[in-house]
Every structure is written in structure tokens, then in C-alpha cells.
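Each of the next two complexes has chain A plus one more chain, namely chain B in the first and chain C in the second.
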Partner chain A sequence: MSGAVGEALIEVADVEKVFSVRRKAGRLRRVRQEVRAVEGLTFTVPRGEMVGYIGPNGAGKSTTIKMLTGILTPSGGRLRVAGLDPSRERTRLARRIGVVFGQRTTLWWDLPLKDSYELVRRMYRVPDAAYRANRERCVELLDLGPLLDVPVRQLSLGQRMRGDIAAALLHDPEVLYLDEPTIGLDVISKAKVREFLREVNTERGTTVLLTTHDLTDIEQLCRRVMVIDHGRLVYDGRLDGLRAAGEGERTLVVDLERELPPIDGLPGARTVKVAGPRQWLAFPAGQSAAPLVAAVAARYPLVDLSIREPDIEDVIARLYAGGVPGVAAPPAAGR
Partner chain B sequence: MVDVDPVQAAVTGESAAAPGRGGGRAAVVAQGLRVYGLIVWMWVRSTLAYRASFVMAALGNFAASALDFVALVLMFSRIDALGGFSLAEVAFLYGTASTSLGLADLLLGSMDRLGSRIRDGTLDILLLRPVPVFAQLAADRFALRRLGRISQALLVLGWSLGRLDVDWTAGRVLMVPLTVVCGAAIFGAVFTLGAAFQFWAQDAAEVQNSFTYGGNAMLQFPPTVFAKDLVRGVTFIVPLAFVNWLPALWLLGHDDPLGLPGWVDFLGPAVAVVLWMVAGLAWRYGVRAYRSTGS
Partner chain C sequence: MLYTAVAAGGFRRYATYRVATAAGVFTNTVFGFIVAYSYIALWNERPHLGGYDQAQALTFAWTGQALLAATAMMAGGGIAELQERIRNGDIAVDLHRPADLQSWWLAADLGRAGFQLIGRGVVPMAVGACFFDLALPGEAWTWGLFLLSAGLAVVVSFALRYLVAVASFWLLDGSGLAVISGLAAMFFSGMVLPLRIFPDGFGQVAQLLPWAALLQVPADVLLGARTGGAVVRGLVFQAGWAVVLLALGRLMQSAATRKVVVHGG
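Moving on, here comes the complex of A and B:
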């Protein structure tokens, strides 16, 4: 693997994809209608980064992934992955990327896992030594040993997903696209998959673009997140920035020695709930908690306290609804 | 969207992706064959892992196609000739058509799953791999049991060759394997055309089946028993008549029901080549269209 960390591996500039859909209009008449799946999409991903790519259903995530892999030809704009134009140099790019679809397997349904791997090895012409090393590593870290002789159709969803991830990494891809890799998995499988992805990203320096509905995936794996809605990027930056951008509020939960009237008179904070000796104070996510804690401690008999981060799902729901001002233009943060 | 001339796009579409332009085509073909072999070998291995089940399936395949021929033999217990053709001659038509179709079906029969792959989105997975989609699709679920039909057809062909009243010159002997191979190539091109058509109409597998399996059922009978318009149709429009009818007319010394000149009987290889060129263009154009619409 060549190139320093920080060099742009994925470059997307002003990319759009327009589908022409034919709709029924009357008994025989069909009306052509243009649907913009993706519009003015611009971002870059440096080598070695792990980026979360989120958005509601139909926002354009899959279309983006398909264009980045070369399956779909963009209608306009410029795309480069590892210096290649995906749609023109699809088969050459294929050797340098790995793709995992949560919903469909890239393995051969009726063949044992190890036969699928063997086919991948020969299709991608993976050198023997690299293949053996990669396979061993994946088998060990993803617990695939007992599954190698099992036909893929007999694997559980979690086992299949681990098998799929291993298959996508056998040829040492520089970029790994994951489309909903944890969908439908139980908690233990999810944890295993996440841990493995983190290892792949940090140890091998593989660039990862992760599409998901499970925000825990993003919280645990990605520092940078891109949010797409209606084919446009509505946020691109750090995950904690997303919270602030969503105008989320953090909550200070304080346990007092005894029941007291609601705390008030503290700058920037308001009491939102009182239950016995426990009180909840909301304050802006961008504001430091330290002065607030000090002020409470100085004026009230404090027993215990904790701080709750704003719920990321709420923030994103608000972003999807388009109700967040000031983040429509992707900030440069996190680049 | 940048408009590309469709024919040029069709020709360069896939090969542009290969390293180097000029030698790209040959390299892509070689790689396609290699991958085809790889996948087929994997399926053969997994089929043979359950030997008993494979034997049963092949026998079933053999028996199913043998029943056709039994019906033909029963018919000849009542009549001496069908449209001027004896039982041995009809058996020759049966053997050549069925062997050709069997070979094409064995090698390319999985192509008709393209439509369902488009519908369930698994075609995308083939497009993600660094090898030709055509080879992956053609080799997918390679069904070795189809050897059953081929061996049954070869048995009938062998039996007919022993009983035909033909002066076996070197040219006539050579014509038999040539007919079978060209016939297989023509059927193969029709399979490919049918598959390519599914890029636009995902439920078109049945249309293609009517030309391949239906065509085979027709070619097992002499052309003289069919209406002339039908014979014209399978000569000039969907040239299935070149699979075995026309070469057999020459080989067996029968008159052409359409009164075409004698040299037409030898056009089989040329027809196969032209049909494959059309099929290849349709395929490339189909892949191109799929990649711009994604549906």
C-alpha cells in the first residue's frame, strides 16, 4: 500500500445522478419523469479515514456507493477513487476496493465458505502468501474457523455477515465500503463486527466508508460523519460537531441531599424536571459543563451528578427534517 | 449525461476497463474464459460431492428427454415416413437439434437468470468483481446434470447414423460434428440475446425459452411438415433452420421446401458468427444501459 495518510483517496466533486422514470399516466400513456437521486454531491475522504455515511431511506446513499464502485455511471460531476474513474475503470478499480452489502451476500450461496474464498482468491489473483495471511487473520478475528466447511445458505445472518466481511478483505483493498453491515445482527455479532472494523482501519490503514442506520456504529467507529438527505449533503464534519449543529442540549443530572425547590438563577441552564431530590438541568451542548457544576456545588448540597449527551438520533431526525439552520453548507471540519 | 455513440460505447464499453486498449479485447476474452472455467469447476466439484444426488438428477434429465423420442418412435409404428423423412432421418434431426441445444444449455443455460438477478439486485455483486460479468453469469450454478440430455441425444444420433442410407464421403462425415457445433453456437447466441433482452424486460426469460426449448422441439421434426411461413421465419428472422434443418437437407439429399439455392445449406458457421456478433453487441449495450439506469 502506497501513499501517505491524508492523501485524498475518494474524491467526489459536484456529482449528480438523474434517473429517468416512466410512470403510468392513463391506460397506455407513459410519462417520462426525471428523478434526481443525488445532486451536487461534493466530498473527499483521505486515506486511512473511517467515515460514517448516513441518511434516511431513499436519500441517495446506495446510489453514491454504486457510483463509487463503478456499478452506476454518474450523470455529471467528477469521481475519483484511488486515482481511477470508477465507471470507466470499473474492473481495474474492483481489485482495489472491497464491498460488503448487509442485505445481500457476495458469497456463493450454495458453496462452502472456503470455496467462496478460493474463488475470490483466483478471481482477484491474490498472491498465495497474502491470501493465506489475510484469510488466517480474518478467520481468527472473526471466529470463522468452524464455519469454513458450511455452505453459505446454512449460515446465520451474523455468521454470513462475518463471512462476507472476510471475503471483501482477502485481496487487501485500499477502500472498504460497508452498506448496513450490522443490520439485523444481535448485540454480540454487532460488537464483534465493529471491533474487527476498527482493527482493519487502525492496523491496516484501510479507508472505510460506512453506511448505516445504527447510529451506535457511527458513534463507536467514526469521528467524521456525512449526512445525506434528498440527494444532497446536509452535514459533513465531526460527530460531536453534529450534536452541536443539531442544537442539542446536554443534561446535567444532580442528586441533592434532600428535596428542594427547582434550581434556578444559573446562567445558561434551566431546570427541566424535578423528581424528589433529583433534578435535571438542560444546557447548550456547546457550553462547558464545568462552571455549571461549580455553581451548583457552591449553592446546593450536592450528593452526586452525571452529564447526559444529547441523543444523536434526535439530532439526526432534526437534520432530516431540514430544521437545522446553519449546517446546510458542509463545514470543513474533520477534513 | 455525456452522450456516447451507442455502438461505439457497446464495443469499447467493457474493454476500456481492461489494461491497454488494443490488446484489451483478447485479454478480456481470455480472462472471461479463465473465470468461466474456475466457477464451472467449483460447481462441478460441489455437485460431485453429492454423487448419488447428481446421478439421480442426470438420469432424470436423460429420461425426460428420452420420452420425446419414445413418442416419435411410437408415431412411426403407424406411419413409414413423416413429411418424406424416414424414422432414421427424423432421428438424425432429433439427435442433432437436441445435442446442440443440450450443449448450449449446459454451457450458457444459466443466462436466463439475469432478469431475476436484476430484480433482486444481485447483478450488482457480479459488477463489483474484477472479471467479466458475462462469464460469471454464464457459469453460475453450472448444472452438470444437463449431460443427461446430451448423452440421450448423442445415443439417438449414433443410432440414426448407423441406419441412414447415406454415401459417407469425408465431407458428409465432417458435416455431422460441424452441424452439432454450429447448432450449439446458434442456440448459445439465442440464449445470450434472450439474456441481454432481460436488461430491458426482466420477465423475458419465457420469450427466450420459446425460441430455445421451443425451437428444439420444432427442429426435431422435418421442415416439410411445417407451414412455409414458419420455415421462412426460422430461416430469415430467427435463423434456427441453420441449426440442423439446412445441413440435414444436404446431408440426407432432400429438397429445400423453400427452394433456396444449395449453398445456403452451408451457411451455418457464418450464421453462427453473425448471430454472436449481434448477441455480443446487445449484451454490451444492455450492460451499459443497466449501469446508467441501475434498474
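Moving on, here comes the complex of A and C:
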């Protein structure tokens, strides 16, 4: 692999994408309407980093990924990946990047998984030794051994996704883009995918840009997170900073021995819901849960407890409503 | 080579559909009998219709059944899948890969046709030869020329279906066009009735259209209606249409690629 760790591998400067769509207006009239999928997008990703890219549906995540692979040209701004202009040099770039679109497969539907890998090897002209080593590693870490001879159409969604991720890495890409790789996956597949991505990033030094709307993916994998909403980057920095910036609340769910009046008088927490012996306490995301748990346990007959993280939609809603610091933060903020 | 591997994959893929293949062989054979008996009735009434004797007419009927699956006249063949990928947007992923879309699908379709020529063609032809008096050539090289012509038929058929599939980039629903194109192929290839039996003007024009390359030409090579220079002219006719239609497909493909890359589909 060429280039040093830390050098900017992905550079996005003031990028914009405007789609023009035709809408029905009245019975026969059709009007052209502009949809700004992405605007003023600016960030850089250094080589070797793993970045989470989150945002609600329709925020512009897939549009960004498509522009970074070259299958969509930006309407404005400047984009460079590994020094190449993606849409001008799509095929050259394709040999250096790997892409996984969670909803779309590149595997050959009716043939065994291993046949698709064989085609990838030829398509990217992967040298034999590298191909064998990469395939072996992916098969082992993603647990693909028993699936290699199974036709792709018979794989479960989670198995297929693991198969697709392996296919994207056989040619040793410098960057791996994943667009919603964990959407709809079962818990075990999710865990395997996450573990694998961590390995790819730390051991192989592959730069990873991961799109998701599942905050857990980011929590387990990425130190840096970028939040996009309505086509604009609203946060770029560390994950814990996002929580604080969003003033999100976490929820402590406690199961008591019996039905009791709402828990009261705990500093920094308020009871938001009671259902039988179960109660929900909200507290600021930036605050540690330990003192709160200790206080509840000391005063109440506690049977069980769990903590719920603020969901991302919630955090983003707060990011917007509050005009909190961190909104439109400079690209390197918090790193 | 990448594309040979793709073709091999296309072959293997269709080889896995054993039940469908058996059902197809059965259907082709049954239809072979139906068409053969209709032709017998017709040629008893009008001997030497279109310049064919009865054995040649029956050969035409069974050749049609043998080539029907390979040239994927009625259904889209493997191309229906391309149409679906265009419709649901998966095609964007394919554009990202360092492989040429048309070459990829051509290779896959040649693999498919290779299997279906053997899997769906040999049995009906053999059954036809057992039950009817056919005008099959005795020399190996005529069979060789027929296979070459059948191969070109597959390429022309692919080129036509590829145009239909790529048109889905602009059509909301490409299935209507696919049906029309399938019907045109059935009729103008000679599958319904050999093109030579149609009245002069119409028949001659029909024999110049690309669909004639699908069945009329290869059947004539096999049953001996084309010999010597006429065989060569037939092959050149097929190859010419193949080149023209593939080139047209490329033009449409690059326009479609531009559309996807700029407008997102």
C-alpha cells in the first residue's frame, strides 16, 4: 500500500449535489424541481482512519458515497480520493477502493459464493498469492467457510452481507466504503461484521468510511463521527462530543421488586415513565450512569436494570433545535 | 480471462436448473410435433411452398424448436435480470466495477446459450429425426457451419435484447417493450412460418431484418436451402447485424451511463 498514515486520503471541499426531479403538478402539468441532496459538504479523511457517517433517512449519505466512488458526479465543489477525481477516473479508482452497498449485492445470484470471488479475482487482476491470502483471511474472520459452495440466493441477508464485504476486500483496497452494512442484520452477523471491520482497519490499515443509522455501529467502531442532516454536515468530531453537543439523554430502565410510586429525588435524573414495577429514568448523556445506579440500588429494591442510549434521530433533532456548539464544526474538531 | 469465466458461469448457472431444463425439453418436443404436423398438412396442400420440400419444412420446424431456448426469443433469457437491475438501481454498483457492462452480459449470455443449445436443443432435434423424415446434412462441415450460424444467431439475439434492456434506463416500465420485441422476434425470425413462404415483397424485406439472423439463416444452412456462396452470404449477413446492433448497444450504454452518473438514474 502506498502513502503514509495520516496523509489525507479522502478530500471533500464544498461539494454539492442537486438532483432535478419531475413532479406531477395537476393533471397534465409536470414541473421540474430541484432536490439538494448534499450541499456545502467539506471534510477530509486521513489514511488509516475509520469514520462513522450517520444521519437519518434521506440525509444524503448514499449520495456522498456514490460521489466518492465516482458513480455520481457532484454538481459543484471538489472531490479527491487517493489523489484521483472519482467521476473522471472511475475505473482507475475502482481498483483502489472497495464498496459495499447494504441493499445491493454484487454477488452472482445463482452461483456459489466462491464463483463470485473467482470473478472478482479476474476483474481486478489480483495476484494469486494476494488473492489466496485475502480470501483465506476473510473466510476465517467472517466465518464464510461453510457458505462458499452455497448459491448466493440461498444465503440469509446476514450471510450475503458478509459475503459481499469479503468480495469488496479481495483486491486489497486502500479505502472501504460501506453504505448501511448492518441494516436488517441479525445480532450475530452484526457482531461479526463489526469485529471484522475493526480488524481490517487496525491490522490492514484500510481506511473505512461507514454509513449507518445505527449508533451502536459507530460506538463500537469509530472514534470519529460525522453527522449529516438535510444534506449538510452538522457535526464532525468525537462520538462522546456528539452526545454532549446533542444534549442527548440516556435512559436508565429499572425493574423493581414491586410496583412503587415514581422514583424521586435523585440528582440529575427524572422519572419519565412508570409501568408496573418497571420505571424509566432520563439523565444527561454526558453524565456517568454509575452514581445514579448506585443511588437507585441503595434506596430501592432493585431486581434488574439496563441503559438505553439516546437514539440518533433524537440527538440530531436536538443538534438542530439547540444551535449547540459543534454544529457545523470545523472538519477536524475534536480529534 | 475474465469474460471466459463469466461465460463459464453463465453455462453452469443454467446447468443447475435441471427441472426447468427437463420441462423445457418436454415443451419444445411437444411443440415440435404440433408444428411438424401443421407443416405436413400445409405442405401436402402446397408442395414446395417457399421452395422447401416436405423434409426440409419439417427440418425447419425442428430446428426452430432446437434453437428457441438458445436464442431466447420469447423470454429475455439472462437479460431480464439486467433489466431488473436497471429498474431497481442495482446497476449503479455494476458501473462501479472495472468491467465492461455489455461484454459482461454478452459473455454470460453466450454461456447460457451454450448450455441451452445442448440441454434444450439436442433432444428435440433427435426426437424429430426419429419420428420424421428430416433433411439433415450428412457431412460434418455443414453441421459445423450450422453451429457457427447458430452462434451468430445467439449474438444477434443478445444484441437485440440488450437494446431492449438498456432502454429501461429511459422507460418507466420496460416489460411492454420486451413483450413487443419478443413477438417481433417470434414472427420475423421465421419461428411462426419460414420467411421464404411469404409473398415476394414482404418476404424479401423480412429476410433483410435482423430477426432473420435468429432462425431463418441457420435453418437454411442446416436444411440445405443455402449452399456454397449463399452460406457465406448468410453468415456475413448475421455478422453484419451483430456488429451494427452491438455498436448501437454501446452507444446507448454510454448515454445511459452518463445519465446515471449525472442524474443518478
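One rule holds for everything that comes next: the second predicted complex is superposed on the first by the 253 of 335 C-alpha atoms of A that agree within 3 Å, B and C clash if a C-alpha of one lies under 4 Å from a C-alpha of the other, contacts with A are read in each partner's own complex, and residues count from 1 in each chain.
We take it that contacts are C-beta pairs under 8 Å (C-beta built on N, C-alpha and C of every residue); 3 or more make two chains touch, one makes a residue touch a chain.
All values derive from a computational prediction rather than experimental measurement.
Chemist: With everything superposed onto chain A, say whether chain B and chain C fit together or clash.
Modeler: Aligned on chain A, chain C clashes with chain B.
Chemist: Contact-wise, after the overlay, does A:Gly58 reach chain B, chain C, both or neither (first, second, both, neither)?
Modeler: neither
Chemist: Just to be sure I read the superposition right, which of the two partners does A:Pro262 touch: chain B = first, chain C = second, or both, or neither?
Modeler: After superposition on chain A, A:Pro262 lies in contact with neither partner.
Chemist: Would you check which partner chain A:Leu111 touches, where first means chain B only, second means chain C only, and both and neither mean what they say?
Modeler: Both partners, chain B and chain C.
Chemist: State whether A:Lys66 touches chain B only (first), chain C only (second), both chains, or neither.
Modeler: Both partners.
Chemist: For A:Arg88 in the superposed arrangement: first (chain B), second (chain C), both or neither?
Modeler: First partner only.
Chemist: Considering only the touch criterion stated at the top, classify A:Val18 as touching first (chain B), second (chain C), both, or neither.
Modeler: First partner only, chain B.
Chemist: With the two complexes superposed on chain A, say which partner A:Met123 touches: chain B (first), chain C (second), both, or neither.
Modeler: A:Met123 contacts both chain B and chain C.
Chemist: Applying the document's definition of touch, where does A:Pro301 land relative to chain B and chain C: first, second, both, or neither?
Modeler: Neither partner.
Chemist: Shared contact residues on chain A for chain B and chain C?
Modeler: Common to the two interfaces on chain A: residues 19-20, 63, 66, 69-73, 87, 90-91, 94-95, 99, 101, 104-106, 108, 110-111, 115, 118-119, 122-124.
Chemist: Which residues, counting only chain A, touch chain B once they are in their complex?
Modeler: 18-20, 63, 66, 69-73, 75-76, 87-92, 94-95, 97, 99, 101, 103-106, 108, 110-112, 115, 118-119, 122-124
Chemist: Give every residue of chain A touching chain C within the complex, in rising order.
Modeler: Those in contact with chain C are residues 19-20, 63, 66, 69-73, 87, 90-91, 94-95, 99, 101, 104-106, 108-111, 115, 118-119, 122-124, 151.
Chemist: Show which residues of chain C lie in contact with chain A when the two form their complex.
Modeler: Residues 1-2, 5-6, 9, 12-13, 16, 81, 89-90, 92-99, 260-264.
Chemist: Write out the stretch or stretches of chain B touching chain A in their complex.
Modeler: 1, 14, 16-19, 35, 38-39, 42, 45-46, 120-122, 124-125, 127-132, 141, 291-295
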